[in-house]
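What follows is subunit A paired twice: with subunit B in the first complex and subunit C in the second.
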Partner chain A sequence: MKARDPVKVSSKSSPVMGKGVSSRGIWSGTLSFSLVAIPVHLVKAVEPGRVSFRMLHRKDYSPLKTRMFCPEEETIVPPDEIVRGYEIAHDSYILITDEELESVTPERSRTIEIIEFIDAKEIDPIYYDHPYYLVPSKGGEKAYCLLAEAMRQTHRAGLAKFVLSEREHLVVVKSTEGALAVITLHYGEEILPKESISAKEEVEDEEKNHIKKKIRKMMTDFDPEKYADERRKKILTILKSKVKEQAPVEAPEIEEEGRTGPADLVATLRESMRKVKKKR
Partner chain B sequence: MEKRAIWKGYINFGNVNVPVNLYAAIKERRIQFHLLHKRDHVRLRQQMVCVFEKKPVPREEQSKGFEVEEGKYIIVDPSEFEQSAFKDNRVIEIHEFIKTEQVDPLFLGRVFHLGPDVNLKGYSALALALKEMDVAGICTWSMRKRHYLGALHASGKMLRLHMLRYADEVIPVKSLDLSEMPLAEKEVKIGIDLINQLTVPFEPQTFENDHQKRLQNLIDKKVHGEKIAILRPKRVKPTAPGKLLWALEASLKKIA
Partner chain C sequence: MSRKIVAISGKRLSLSNLEKDLYPSYGFTKAQILEYYRRISKFILPHLKDRALTFKRYPDGVEKDFFFEKRCPSHRPVWVKTAEVRTEDGERKNVCLVNDLETLMWVANLASLELHVPLARASSPETPDCMVFDLDPSDGADILDCARVALILHDLLSELKLANYVKTSGKKGLHVYVPLNSRETTFQETKHFSKAVADIVQKNYPDLVTAKMSKVYRKARVFINWSQNDSSKTMICVYSLRALERPIVSFPLAWNELERLTSEDDPKKLQVMSLDAVGRIENEGELFREVLIKKQRLTRL
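What follows is the complex of A and B.
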């Protein structure tokens, strides 16, 4: 299949992300605690379905992407033609600009200010929402390393509030393998009450001890790699049989910026297969 | 308030079998915005678009492909994978148990409350056992045609189920290309002292989402045609690398 005119694909950033979206990350600003201020970028820490399937156009096998679409004009709308609206009545909106949003809490839109530290163990995991990493910008490397190291040694995490696009988040700043992670937390009011259990129900020791015995037999160390490998193995088995039945199809050549496709997935899969075998 | 179960299933390991109901644990309350077309304020919607033709593609023209090398795909039917790989039998199967503290929060996804169904005794015994041993069960289950990995925890007398991300969905720290900086012992020590001084108990209920109220205020003002004062975001001057020790010492003095 021969490519026609190469198509430029616009970058994914939308006005909703606000200003200060740098090429390196989702957000840039300052991380501070007491009188120390560290210039940082916020970047992704998770990417759902990295080993996964891609949506393709059945006609030409070109990859599909999600874009904003105007149903009235039936056109794809580029980021600079998108505005943010709040619906006050059916199909009637008032517009809110990025500058207005930042004015709601100007002290927290460019700064993650750690107001206090807590023992990381005290955080009930139900509060954790979405994780990111912080990376130091130029000049901030040393203070960044110092904060990560001091938090690692003390098992502490920093608490801060900061505004990312339309929301103010309560976040923890944690040290993880020499890096700083930022995890947004749910507010207490967002956590739904659990059903209560009648206190009358007494747990029988015999039953509890029986369960404990079973648990002890099944104790191990947490190894997230293992589960990813198992899933890859299943996918690989099916794909191997598929490859025998059908030749791969080819997508047209597309000029695209910042391609993030899996470079050599089969090699990755093979590598993980090898690891699985070795462990046995 | 009566709550509706999202899903029903059985926790299973060894000969232990506990029927449970799954309930939502989180409800986000947030002011909703919509994306509009600048010209005519028509509300936009998300659409799958062919990168090559730059045209919207209806569902019946969409296929799934597995990329074997750049730009080359094996066309697959996702239902094939579901049938052969995962069975939907309503079982939350626990494969092993781990110490709760071993799970890095980076792996935690959505969370659900689990309520007892029928076998209340077994449910309570399991919750108590998990709590007393401070362990979590690593489990898998299929729900609505999708397969999930999760961690089963105790929370008080109740059970809770956290979805876990697969290892290849968490971006490794190594890929951040962080450079290691030499730190003087004195700097680290002052940093630790400072953190110790600023440490308090974690009391999440004391934090209110006051931003929502202020945002609502701003919207109300705009509805009434009032002008919004634009405030420049506060920017903090980064600490110069040579001034780090000074800033740490000054911070300690300020608190003392």
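What follows is the complex of A and C.
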């Protein structure tokens, strides 16, 4: 079977130059190795299609907020009384301060520096965490295309360390349909040992061949377009028909005091407004 | 990268890439940006003082990507003053306070062209020093429409015996400030008051004004954004540069000047270039000084 990229590409054109990708970068800087430096920015490659809902108060449709609640005192805890603890045993914590956490936060990266190249096939997909696209910034287009093409022909991928949202990631830079993708990888220590699940049973050759034949019968090409999140589709259909059929419910405009505010303020404003209108 | 070490009040600061043009279609280098902030420092520093700075950085100039930075970067010089503030979800973070020239120069050197600050000081984040009306024109409306709404607001607030001041946003809008400078008024009160004001202006001038957030209501109208009166929001600081094609600044205007410029019907005349800013303050005075000083209370809340 042909190995396919894990990055889903929706249009037939290049994912980076195509219209589907927003040009607003999450990060911009340089992609570099040895003496090459290419100005690039990073954009999202996937957008999880989850339909999310706001929780509302049934009485007046006010949007609800989450608050930190102390079950011991049965009260809401204000931010200045909240600290962080690492649970070492049940009801036993080591305290850590924001300063301590900040002291280990790495500096924001200005470059994605490729430190070594590997064979793209060597990475077990289990290491893949989150995909992004690299888009060439002004002046970087030619070098970008050259690198993407060279990496595609040689099936090479680059490894780099890169700080994104305060965390240093190991990332792989790889070529995907004419564009460069950056995929954050899990560190080795995050991958759970699989010894415990790999079965070591003796099997007969005949049984093995039987299974292989069955698999061969079901073989096809990977086509993600064939599949869709059916629940999401159905929810969206329901929402669309509801928008047509019924007016949306409205939350009150000011949470605490109701719609208009104290009568004397409004009265004062009305009075003043009348005078203003005479002038203008 | 070219570097130059300077000393300001005995503090060493390393300036980088001074020759880099950060407004390429106009031509305004980092050296010129630093020079602008140095010359304006006497006037802008009181407005930045003790407030949590939000950096808006343009490392590759106004035509390239920018990023916001709310935390004070950990690579800051030791002499940069910081304060600890809390975000809405209870997180604590260190923010920079731009209280002196050397910090202002350091901030400008990080290509933070725009300086955004909250309406309250870092030590009393829940009590604003002023109430603000952020006038924002939608497509089809322009800064002259904003000026018309600002003049109505000015009359109305003056009727309420509240001194009020106006500045350009440096983009398409205007900002009307009502100084309070008393620790007793809360954001809840300013939000409430400003919303009531926005509502009544909208009711009386429906073709010109909207007080609703939704873009549907904002067609060719001026949106009176009262929701800026919130501890989590920031406003562009008066005298800050804006990251547009040209180095325009957010600049105060006298009310009679705004009235005159509005009748001349030329939106360009309402914008102030950084090169003219210091000269204008020296001639006309620092029109926004009262915003920091004048003590007022909101009428009958």
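The definition used in the following text is that the second predicted complex is superposed on the first by the 140 of 280 C-alpha atoms of A that agree within 3 Å, B and C clash if a C-alpha of one lies under 4 Å from a C-alpha of the other, contacts with A are read in each partner's own complex, and residues count from 1 in each chain.
Operating definition for what follows: a contact is a pair of C-beta atoms (placed from the backbone, for glycine too) under 8 Å apart; a residue touches a chain by one contact, two chains touch by 3 or more.
Treat the numbers as computed from the prediction; the structure is a model and nothing was measured.
Asker: Looking at A:Y128, would you say it contacts subunit B, subunit C, both, or neither? Reply first, second, both or neither.
Answerer: first
Asker: With both complexes superposed on chain A, which partner does A:L192 reach: first (subunit B), second (subunit C), both or neither?
Answerer: It touches subunit B, and subunit C stays clear.
Asker: In this superposed model, does subunit C or subunit B come into contact with more residues of subunit A?
Answerer: Higher number of touched subunit A residues: B.
Asker: Once the shared chain is lined up, is A:M68 touching subunit B (first), subunit C (second), both, or neither of them?
Answerer: The answer is both, since A:M68 touches subunit B and subunit C.
Asker: Tell me which partner A:T105 touches in the superposition: subunit B (first), subunit C (second), both or neither.
Answerer: After superposing on A, A:T105 lies in contact with both subunit B and subunit C.
Asker: Who does A:A89 touch here: subunit B (first), subunit C (second), both, or neither?
Answerer: Neither subunit B nor subunit C is touched by A:A89.
Asker: Look at A:K174 in the shared chain and tell me whether it touches subunit B only, subunit C only, both, or neither; answer first, second, both or neither.
Answerer: In the superposed model, A:K174 contacts subunit B only, not subunit C.
Asker: State whether A:I235 touches subunit B only (first), subunit C only (second), both chains, or neither.
Answerer: Touch status of A:I235: first partner only.
Asker: Taking the two structures together, which residues of subunit A meet both subunit B and subunit C?
Answerer: Subunit A residues touching both partners: 68, 82, 102-103, 105, 107, 137, 253-254, 256, 261-262, 264-266.
Asker: Under the stated contact criterion, what part of subunit C meets subunit A in this complex?
Answerer: 60, 64-65, 74-75, 86, 89-94, 151-152, 155-156, 159-160, 188, 192-193, 195-197, 200-201, 204, 299-301
Asker: Of all residues in subunit A, which touch subunit C in the complex?
Answerer: 25, 28, 41, 68, 79-80, 82, 98, 102-103, 105, 107, 137-138, 253-254, 256-257, 260-262, 264-266, 268-270, 272-273, 275-277, 279-280
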